[in-house]
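Listed next: structures, encoded as structure tokens.
One chain, subunit A, links the two complexes that follow: it is found with subunit B in the first and with subunit C in the second.
Up next is the complex of A and B:
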């Protein structure tokens, strides 16, 4: 059943979510240490659990913890070029992962209608909002497309797995890329048409069935993330 | 009042679907049915009226399209949206929200109605369309028919004067088509102007006031329903039109050659995440049989076909091919599923390359022979994406023959097809059967089953309710299955 039926501990306004994403990027950039980044990921995980995405959040934390342990091990026991290579790659990974994880939570918990009315509140131009809304709506369809594509690949004896990609990269890319592109361009067109014929371009401010408003939860979460970012800045200066 | 005055249109960079000097007046409250072959321009007519031409689809437009005497080109899109509501073919890509309530409210939210009015209208709409049971649900978990109801509700909530329906029944089962017919009657009783572009005609015969037949972008005929029903079967088929009255269709029972190898299913049960989808299915099939798989959306037809070709693994019981048990890997090697949206299974840059895609040492002679048998030789250098839907199905079928598959499954091969294309798909399937393949066809299309299938399986309520031959003796059974009154 729908997420709407469950009473979630935390509901965030889309505006807050965008602010959180920004703070998360800044924190990841400023991160003074590996422990700090781990705390950031844990914080995002808690946010995810509160927003009702506990499976996703737990998977994210466990995966990150494994990479974290590997990183600690690599820093201590590897030497030479191999170490440099891994440290460079992992450094990038540690910067990107928290932002990616938070984006996942934000996208999966934001309804298109909430997003549209939030954007209206901050007077964002329609030319920007509509493509973003189509994109936000398109993301869950990729999952459906991917299931069909996997079936199609299996029937052609192409394995839709990482191993298959390694052994036969050219064919695997063709099998995923070609149908996904075709489906995407068609879906984007049809979605836009469905939106335009129902008056999405109306310049008057849009109303929303579900009233969005900034509440205590928004203020508290923003404060936590802001404080965390400032702490990071301070530690970096001090360290 | 809608009026098209001497309108000609051609899409930029495309020859199909254009219009030539169309003149059409639709007074308020009239219900007009547009029909004709694929590419005859019926969708284009609807796009002229909801403003998608010229606002969304570029091209050269001559003549005038008037809505209550005012040129549509001069009205901004969002204002047209308030007066002309559109429902489209594909339920998957018509909704914008994840939950049903927000989706029904989408149009009226854009109209900026006050929030109290929004929830009042959503409630009223759900009540009047009888979809209270769908309120507050995740749209991704609805069936195609339910999605289409929500799409209709979203337009209905906006209360437009004009409704445009563009092939709304293409992806629906029989029950959903009947519900759609009821909706059309409801809006007609409210005095709305209705324009429907459709291939399936039978469900609209009682509600349409006028039937306009388009041919190559021109109006080639305009009929009252009575005149239209007088057209003989052969005249209608010559016009490329589907059945007007399903009661006149009866099984043609093509003779199955029924020989050789057999497929046997012994007490198969299918599960999805440990939940039972279908149970205790046992059947035997011989080479050359064409077996229709019927039942409502959600009855497990898709899961059944995926299990048959080894894509769905959660099943118990045994599949035997010539008395030899087959696990899912063996089934995958032996069978091929032609998907409803065949675009997912075409990967290469030409038909020829597609036919041998992924095969290490392709048999050139076999490839050429197969392409010839399926009438693809003249397209062999074309990119698969430039082909029509029916031709793409042919390519997929060719692929299956070249890779030596014995068991072919077609998922809804006739959705959204005109008479000619349906007949061609039928021809293709009969060719495959004559080559000794066992063909399963998942379909809601009674007319198609009558013409093509030798046997029908009926799934309902988690069981295979029936398994019978398509023959004159079983006609009543077949009609009951599709709820066609005698």
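Up next is the complex of A and C:
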């Protein structure tokens, strides 16, 4: 209903997004140098801007640029154990950041109905797709729940910090797990009733108000990412 | 909800699928939260599966208690595998979660998902999913270092890992993970009995 209301320069098919994600993982694996990774993040940022997530994309690029500069500085001027620690941390960070950033863009721009409909097109098993869709939608809710739980714990004089955990483990564990899991199982009941009401069990092929189709934009973006990945492989072989 | 029509030919209802999805989300967050402090430190990285295993026991047991049907644990494992792969982890990590998910599902299935001891054992098994990356490291250190270096991990990180990895470590890792998982499942079992069964959540 509100899918096409805002005019975006680029609208991507969920199938394309999954392909892009795969290419991004491969590129991050193949990355021959830090500059290459930076270009990858910049590319993802441009994609994010085109998809209408310009604030998120800019934040991501600026943050990555800062870490990039820090990495260059750390590699040149640090020594010994401290350097080792940072190398380990930054190595992991540089590997995960592009994928995480792209995942964030993909998740925030894909509606659940679009995702389910596209998965239906490629005949992915429903038993896997429904939990996956639910999971992706539920992760932000956990963050919200966590903030409420923290407030509630403070109200009862239970400290939601590491120190509180050490001094009073039993009650802290109860106070964190029980509300979180209670909320989760309540949410599961409510969501499944809502999903059944909306006819998720209908055995007929799923229809979607937003037409899912592959367009020129999809082809172009995929080509860009594929070319980038191949360039990375080539640079790696050459270097 | 018992008179819901079944989805396709399988015994899982939509409610079960949604429950699995939601608990996978919590499972994922807690695994990450428990593991992240270990994973980035070369000396502690081998103990990362233990950190992850420590937090997820109650969640896993509640999932089993709520769904208690075949395939839901497998789905949990497969989702974990997909998500870890997409965030750029080593492939053995994903594969480990998928295969241990299937094995854990079978184990819990022997007790029809009701036997507390077998549920506990199946949690211990699925916790082992995280150690496959490290086992490959011990079977073939050279090839593993190569793959990780290609993944962008720095050489000195690998060196630090080499110095931190005597030959008894895999045993400590497996036994330690099993032990921590058992502890977590024990806490989870108590919590389930104390808080959730009385509230009627587990039926």
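Worth pointing out:
Operating definition for what follows: the second predicted complex is superposed on the first by the 188 of 239 C-alpha atoms of A that agree within 3 Å, B and C clash if a C-alpha of one lies under 4 Å from a C-alpha of the other, contacts with A are read in each partner's own complex, and residues count from 1 in each chain.
Everything below uses one rule, namely that a residue touches a chain if its C-beta (ideal position, glycine included) is under 8 Å from a C-beta of that chain, and two chains touch if they have at least 3 such contacts.
Everything numeric in this text was worked out from a predicted model, so none of it was measured.
In the superposition on chain A, A:29 makes contact with subunit C only, while subunit B stays out of contact range. Look at A:96: by the touch rule set out above, it reaches subunit C but stays clear of subunit B.
Of the two partner chains, subunit B is the only one that A:198 touches; subunit C does not reach it.
Of the two partner chains placed by superposition, only subunit C is touched by A:139; subunit B is not. Of the two partner chains placed by the overlay, neither subunit B nor subunit C lies in contact with A:166. By the touch criterion defined above, A:174 reaches both subunit B and subunit C.
When the two complexes are overlaid on their common chain A, residue A:182 makes contact with subunit B and with subunit C alike.
Look at A:127: by the touch rule set out above, it reaches subunit C but stays clear of subunit B. Touch criterion met: A:148 reaches subunit B, while subunit C stays clear of it.
The intersection of subunit A residues touching subunit B with those touching subunit C, taken from the two complexes, comprises 133, 141, 174, 178, 182, 187, 191-192, 195-196, 200-201, 203. Residues 1, 4-5, 7-8, 10, 12-15, 17-26, 28-29, 39-42, 45, 58-59, 62, 66, 71, 75, 78-79, 82-83, 85-88, 150-154, 156-157, 160, 187, 191, 195-196, 199, 201 of subunit C are the ones touching subunit A in the complex.
Within the complex, the subunit A residues that touch subunit B are 1-5, 111-113, 116-117, 133, 137, 140-141, 144-145, 148-149, 151-152, 154-158, 171, 174-175, 178-179, 182-183, 186-187, 190-211.
Contacts from subunit B toward subunit A in the complex involve residues 50-52, 55-56, 76-82, 84-86, 88, 90, 92-99, 101-102, 105-107, 109-115, 118-119, 122, 136-138, 140, 151, 154-155, 158, 306, 309, 311, 332, 335-337, 339, 341, 343-348, 357-358, 385, 399, 403.
Only residues 21, 25, 28-31, 37, 83-85, 87-92, 94-96, 98-100, 103, 126-128, 130-136, 138-139, 141-142, 173-174, 177-178, 180-182, 184-185, 187-189, 191-192, 195-196, 200-201, 203, 236 of subunit A touch subunit C when the two sit together in their complex.
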